[in-house]
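Every chain is named by a letter (A, B, C and D) in the order it is written, and numbering of its residues begins at 1.
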Amino acid sequence: MIKKTVANVREACEGIKDEMTFMLGGFGLCGIPENIIGELVRKNIQNVTCISNNAGVDDFGLGLLLKKHQIKKMISSYVGENAEFERQMLSGEMEVELIPQGTLAQRCEAARSGIPAFYTPAGYGTEVAEGKETREFHGKMYVMEKAFEADFSFVKAWKGDEAGNLIFKGTARNFNPAMCGAGKITVAEVEELVPVGELDPNQIHIPGIFIQRIFQGEKYEKRIEQLTVRKRN
Amino acid sequence: MALSKEQIAQRIAKEVKDGYYVNLGIGIPTLVANFVRDDISVEFQSENGILGMGPFPFEGEEDPDLINAGKQTITALPGASFFDSTMSFGMIRGQHVDLTILGAMEVSQNGDIANWKIPGKMVKGMGGAMDLVASAENIIVAMMHTNRDGESKLLKECSLPLTGVKCVKKIVTNLAVLEIIDGKFHLLERAPGISVEEIIKATEGDLIVNGNIIEMKF
Amino acid sequence: MIKKTVANVREACEGIKDEMTFMLGGFGLCGIPENIIGELVRKNIQNVTCISNNAGVDDFGLGLLLKKHQIKKMISSYVGENAEFERQMLSGEMEVELIPQGTLAQRCEAARSGIPAFYTPAGYGTEVAEGKETREFHGKMYVMEKAFEADFSFVKAWKGDEAGNLIFKGTARNFNPAMCGAGKITVAEVEELVPVGELDPNQIHIPGIFIQRIFQGEKYEKRIEQLTVRKRN
Amino acid sequence: MALSKEQIAQRIAKEVKDGYYVNLGIGIPTLVANFVRDDISVEFQSENGILGMGPFPFEGEEDPDLINAGKQTITALPGASFFDSTMSFGMIRGQHVDLTILGAMEVSQNGDIANWKIPGKMVKGMGGAMDLVASAENIIVAMMHTNRDGESKLLKECSLPLTGVKCVKKIVTNLAVLEIIDGKFHLLERAPGISVEEIIKATEGDLIVNGNIIEMKF
């Protein structure tokens, strides 16, 4: 068994530098690598490009990096719910590339899987397809999309073991699996790090081969963005 | 009288058939789930990674790891499954989802839709909408017939950046139910008390009115 | 919940016809849809095209269809271990298209996922790439491969529920997941069909949306192709 | 004396480094696992869908649902994981596997390899070999230096249909260890008791011999 454990978030983030490109898992605030984001803020890394479906909220998630103007460019599918983001984007302080959500996921998985490019119908005939090759298959038009290139993938899982094997929970899974192995180095933070042998090999969502460093996060706030409930009658 | 948002949802719910997997967009589409007949089997997919989405949780039972694509806390019904974004959009692009219901800022008579960007003003992003409209065979748009200034949102051509081309098949607005056939809007039903003339006036695109247009009942 | 259960293998295979294209899961004899294959033999369907990594052995798996000359064409990556197969292939009685194993898997998953084509390095510079488009990305050459088209996907899982959700076991998983939803109709046979709600939604490998029909197989021989063991000392 | 198959495997095992994920082909490569130092951490991947492959099961403990790519019954070590073929070849194409060891019928001096077909005679198929050789950065070929008729299998150009082009980096045969650099074979080591002249004679392709060639020790 090849051990992937590191002591803490500082060790996990060794080697990150200004101007790098990061992939970050999560959908809204669900399943985001909270502890790693905290470390990126603390280290005050500058001019980074972030590939992440969303950009957090003003005071949580990637919003924390935004507030400190650490982000040069965002590649996302949806950036609502963040006033500071909209301000920096509309003023031109930050570059933003908006792409379809399925394309975002597939470009991550393609990077992980050695597929340099693929065709998708998403965005054909829209500004998303401008400057991209398009092509007909079976009478329908498609856009050629390329695998992402990133220096680090930062993901968050529910449980993990020392071999780097990961299990996600509920809809906190989202973009995290596709990003595992998609960056040059993948760092996983988990809520619970268990000894090797405790996870059922049948139930592992992401095998440890895709993970270079793993650690148990110090704490998880897991903030809820839109609390919606039913009354008991 | 023009339909309320709930009534638009209620009318769209009639399009949901037994055995359908349905993806509901944010806003009015989300409300459709409340009106689906309970004697048919339907499963709701949310593109962030759940099939078999249930109602909102009871107070105190919310789980931060269980949300829908609108970031709302939800529940999972028996038979539900969780999956990652890649598989989720595989379902969507692969046309395994039977019906997509989403909102729009503009729709054109050839089925183009715009709902993600107002240049220089509002840029929230397309989320999963571009994947959904480019892939789904069966798309229903839920929208207001006109904007706040009374201008038609059913146009000859969209003025806003497109989300997808030639993809919308059916539209349910606060005034009418319309179908898009061969590059024209076709009026199918009108809201209670709304005249065909009012709908013609509120529609900028070419509108075909054939025979007697039935009035919706609620 | 949308029910996918059918009573038995006969009902599960309704609508299959001569000249159709089938995808069949399994690697060697591991994880093959045994009961469905039995039904294909019984119904004596003729001139079918089979997309399957292997072709069984002389008296088990797809070998049973081969023996009855039911197969017009095989699309596989490896067809050793089957003398009758080699005979029919070399004599020209059966058409055979051999393709790289990873390409086989990805062409199934592409069909499931609405990706009409993708690029892979596998087979570049070999006869596999003849007549196919090739292209350079980042200084390396790739071959464009297209999604498969099939009438039926036949898969075998360990457990399944009435909603069609599937869980696979061990290396019997192999090509089965990628084929789910890749054919126009996917039929799953399972060792154990459980009531809805019994499977943990977090551990489902293939959601029921990809499955049109599911049934519990009458019996499973699960033959071992190469029994290799250690002596206890 | 020329190396036995076990010795070829033993020599290749020295190339396996701490922290490597390794894919072993059928035949001699499978034997490599038996010779890897036990003070380093190595995981074996089998492309049918397991990482963390262990030794053969004890008699009576074999599981038909647990085999390797050679269809042999195996075991899974603690920390192992199972996955589907798509993910497995994602690992391979995405270069997450550090070392690939496989057999060959022919290798050419520019690194081409042929190992899947003898036209009109033997057509078993390429299995996962084309994906492996097209993707891996680090490929070692285990093979006999000559065929049964004594003809060299290390050629200027392959005569059989190719499995991959310009991909082989290192070759361990029953006679020698060779590296491919700039379109030529380079002799690195010779089998015990085998002379450089014998290796030159058994090699059809261009062979560079630089300085003193060390003799392998076992």
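A few remarks follow.
In this text, contacts are C-beta pairs under 8 Å (C-beta built on N, C-alpha and C of every residue); 3 or more make two chains touch, one makes a residue touch a chain.
Keep in mind the model is a prediction, meaning the values are calculated, not measured.
Shared contact partners of subunit C and subunit D comprise A. Between A-D and A-B, more C-beta contact pairs are found at A-B.
For the pair subunit A and subunit C, the distance between mean C-alpha positions equals 32 Å.
Subunit B and subunit D have Cα centroids separated by 56 Å.
Computed from the mean C-alpha positions, the centre of subunit A lies at a distance of 36 Å from the centre of subunit D.
Computed centre separation for the pair subunit A/subunit B is 28 angstrom, with centres defined by C-alpha atoms. Shared contact sites, meaning residues of subunit C that touch two or more other chains, fall at 106, 109, 114-115, 120-121, 168-170, 202. Residue positions of subunit D touching 2 or more other chains: 50, 76, 82-83, 89, 92-93, 135.
Shown are all chain pairs that touch, namely A-B, A-C, A-D, B-C, C-D. Interface residues of subunit A, counted against subunit B in their complex, comprise 27-31, 53, 76-81, 86, 89-90, 96, 98-106, 108-109, 120-128, 158, 168-178, 205, 222-232. Only residues 1-3, 109, 111-115, 161-163, 165, 181, 196-197, 201-202, 204, 207-210 of subunit A touch subunit D when the two sit together in their complex. Looking at the complex, you find that subunit B touches subunit C at residues 19, 21, 41-43, 45, 50-52, 76-83, 87, 89-97, 135.
Contact residues on subunit A toward subunit C in their complex (touch as defined above): 106, 110, 114-121, 137-138, 140, 142, 146, 167-170, 202-203. The touching residues of subunit B, when paired with subunit A in their complex, are 46-50, 55-74, 76, 82-86, 88-89, 92-93, 112, 116-117, 120, 123-131, 134-135, 161-166.
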